[in-house]
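Reviewing the structure listed below.
For clarity, chains are labelled A, B, C and D in written order, and residue numbers in each chain start from 1.
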């Protein structure tokens, strides 16, 4: 078969691992031929692609980023976009399409599959919030980077008897914050699923100061918000350059904590460092397992479906189910955060 | 309740995270009181323990090793051992025991639970081979360390046009080898579940040399063996000091490869570095989740049961089921290894 | 002798290594007795200290931060401060004082030494800009952390065809920016010693885009400024809480680059993560060497002097010389930055 | 000018950084043209080389190994070797040669320079033992890797109340052992410059056990030896495959310690992992500085000289001086090791 791959949306450590494994097994075991469209759906619209050979993919499974590059181009918002995509795929004699991406990307994959294109999906979100899968690649790397930063913040906060607020990624779901906060031993962990209770935050920090530890570490997801003032994070704002501001809540929260407690408080926003660089071993293995399953799905004609992790199995569900809703933290994880914090 | 903890067997990154979370929630949410026996079951036999307070556990969830130390003392092999354990627990007015350990430890926990002691287990194996759980803490850290070593070996092997054999842990099950081999992009990955096919190994390595890459990286689990000669690894031998030799197969395999292919071949045995040091974020979170569930199990009187991970849930099964058999790699993972290797 | 130590100013990985080695050798080889004042000079003013025994320092050489905590209290700005310090030292029968700190701290050490107190200094600055020494501990750790972040930024910038500006520490001197920029392969490296030439910056970035690489990484020191508009960085501003804002130039520069080039541009400010956490091996060794030399200086009565690294030697100079001026990047390092960048 | 580069001897993190910087500045600032001989001197003998263009070197400064590969071919031991080298250089119209390598490589460079070839050297040794330079690239990376391993060994040794012997590189000089031992907080650090005093080693380890710490970490250089038995390490032996065995002393020492103290003792040999992989920021900067200076040396016709680090300067000395002797640890560093250990 002649198969096309593309990567859409924000980049994510492990994308290259998926590409590697799908192409490797496709060529070696099925005798497939591969091309990769560049820059997500934009590359399809522009008919811009590269051949994906064994030479081209050699060693990429160890590397971050995506050799196919990415974009946030949303085909469905472009008049005639879908038709153009269908046309380009036909013109390049593509037998099947494997789309790596999040909700936006997969809603296009689903549309295509419903309109006669042989398309399947591989879920991609650093936020770990795609429905129907236990874990997505890239998440573990982001958590590792965030946790290492939290580890480092402990010593500097302690030496200076300060509170430091660490803002991590997570617009709608607090998976990264929960994991990095609990793994990093943060004294307070705040997630978008629950409005921030400032009194409780300050009480947790005071507990430290009352028990001989004159510092505090707070992990807050970028999507967190205060109850009264609504969304504090700047993510709602679109700046002069047309892109949403990434930061906001960490700095705002630091000021509120300092005002309320009198503790010297600082903030740091980990930003883009969380999604770049070499993937963890976990993500490299998971990405390759997704890739191997994806190529099997193609040869089993599982169009409109998406690969997922369930326990120790890679299997698949309908894209419809995957994009139906976001997977957010539930009570089990609120209990984890609560269980390892101080009691105040 | 007055609860005792102990850690038995080889140490494992994440043990302290379990202790931390169980004690933290136990004191804060249930009003429990804790002691920790030292050096595994030996500490029970010797009635040697320390109180586990909030001060004592502060920050330990971020650290490797076990503050309770460990030993390989097997109570069941000591005449009168079980009786002594029962007596010491009674004497210290222990209401419940949480035993962290592998098969050996848990078989004692099970025995105690069957004989009227309120005991539950938390699974511990760096090899990830305990039955009934998707993952054990410590495994991810071991894989990370092994994968970083494999990453480093690529460049030195490449610069010198050599084959390098990396021996990793895994006596009965190849989880670490499979994960580090696939994640690290090894050209050959060998696991104890399958005898080594030397011809196939050499063919995979020759493929590299025939395709412009004049080096090779082989990952081999310590428990691997050759078909004809039986167990090559020294793990069967007991040395002059009464302990089993850890190394063997890596060095032996390197010699066989060099002989058969003529490629300059070296070996390295990662040894104890794989089980020490700071746990990954994954293992710190997983360990704490195990600990939180363990203390809940105690308060639900789930004696004779052991905490396990199933998908994204921490739940529990009988210890009997957990120790019934080893969890080894199955066809799904052989296919992963096969899928990402060259085709020869 | 009865010797006091203190750590002043911003914390710095390696402080504990200095304390460890000075106390270890002092007790073991000279039979000294040690106390450590807490929170820098504030602890002296408040007569707040802890005994430093072999037990207390055990293992601290491996850890970041400072077990003595720190503050920015400037004795000379406090009426009667110096007298109070002299009094407290006398009262505690201190035979000699070892002060670990930067310019502010050492100007007090110098004053004390000139007024009859047996005091010596150990230089501490994460910015590496103390006069008269080849390197200060903490700097290598900061550069390592910044370089790892730059490494990670490459892949995400590349995947998204973006420019990313990474703001690192360095108010007056660009050592961290120079080292992390060159080591991290940044396309543009900007240091406070030279005003930013925006046209040149944009030309360097365009070079990439004209040569098939559609992304760029810029490293900028927090103290950098634009020629026309003077100091852009917010470090001049003092915020509502009375402390200088740390961030500014990175974000400002990103906007200017995006405006001028049309390339999508983002920024990230590494902030406090650069000074926390486990020191590199280099800094742990260097810190211990400083500590060993410091205790020798005490026993050689080298009052008013400060330990320095010259080549592979630890030796000492007068504190006067050390605080006379800042050590900034010179032409040798401008040539390094220039030599590894593109030619435009 | 038309310039050739080559890398000889064992690989070393930072080689690619040297190549990158020399070629980058050579092309951009001097208008030079470059080729790189493959596999050290063997590539010259075989007239095997690749062009080194800006595209070819892009990004290599961040990577370990050497894109030119290496070998231990010693031209002087091959009859007619030198003549062949001279002929190949002439035939390829090489105006100047930059040889990156250790003593063996540089003795050839020197010979060539003395016989009319325009040749200069860049020192390369992971052991840091080349005469006349404060530091060589690769050493910092090796120390970092060894220190991380020592860090990890602490927790596992502690958990099991064991002694663990960590064998690190260093045949003639103990720089890596000294740095990793001191930085890693080893309880005993052993270097080839001094015969092992087994009684003292055991006394240091007993000190721990007598002071409440029931474990020990020993760092030993591969080249260490016992006084009575002469060289214990296998490095003197040549095995069946014609290469020297790398390991030996660590395992032997562990057995002797266990016998003498009764403490359970294990050993681990870090082997090849110490020289592979991504260089530290320090080594990437140092390597690039060496490369920039090397290309300047070429344009200043400094034939027969070699680049060296002196304090914060890169300068040069004669190759004759550099190869005259090995740089070994001296009293200053014995005092460092002694100063941070226990006193027994």
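Here is the rule we go by: a contact is a pair of C-beta atoms (placed from the backbone, for glycine too) under 8 Å apart; a residue touches a chain by one contact, two chains touch by 3 or more.
What you are looking at is a predicted structure, and each value in this text was computed from that prediction instead of being measured.
Engineer: Touching both chain A and chain B, which chains are there?
Structural biologist: Common neighbours, chain A/chain B: none found.
Engineer: Among the chains, which one keeps its Cα centre farthest from the Cα centre of chain D?
Structural biologist: When every chain centre is compared against chain D, the largest gap points to A.
Engineer: If you average the CA atoms of chain A and of chain C, how far apart do the two points sit, in angstrom?
Structural biologist: 34
Engineer: Round to the nearest whole Å and give the separation of the Cα centres of chain B and chain C.
Structural biologist: 41
Engineer: What is the distance in Å between the mean C-alpha positions of chain C and chain D?
Structural biologist: Chain C and chain D have C-alpha centres separated by 29 Å.
Engineer: Among the residues of chain D, which ones contact at least 2 other chains?
Structural biologist: Within chain D, the residues that touch at least two other chains are 151, 154, 278.
Engineer: Please name which positions on chain D make contact with chain C in the complex.
Structural biologist: Chain D reaches chain C through residues 20-21, 24-25, 28-29, 58-59, 61-62, 134-135, 140, 143-144, 146-147, 151, 154, 179-180, 182-185, 213, 278, 280-282, 284-285, 288-289, 292, 310-313, 332, 335-336, 339-340, 342-343.
Engineer: Quick check on the complex: what are the chain C residues that touch chain A?
Structural biologist: Within the complex, chain C contacts chain A at residues 7, 10-11, 13, 15, 39, 63-66, 69-71, 145, 148-149, 151-161, 164, 214, 240-241, 243, 246, 255, 258, 264-273, 275-278.
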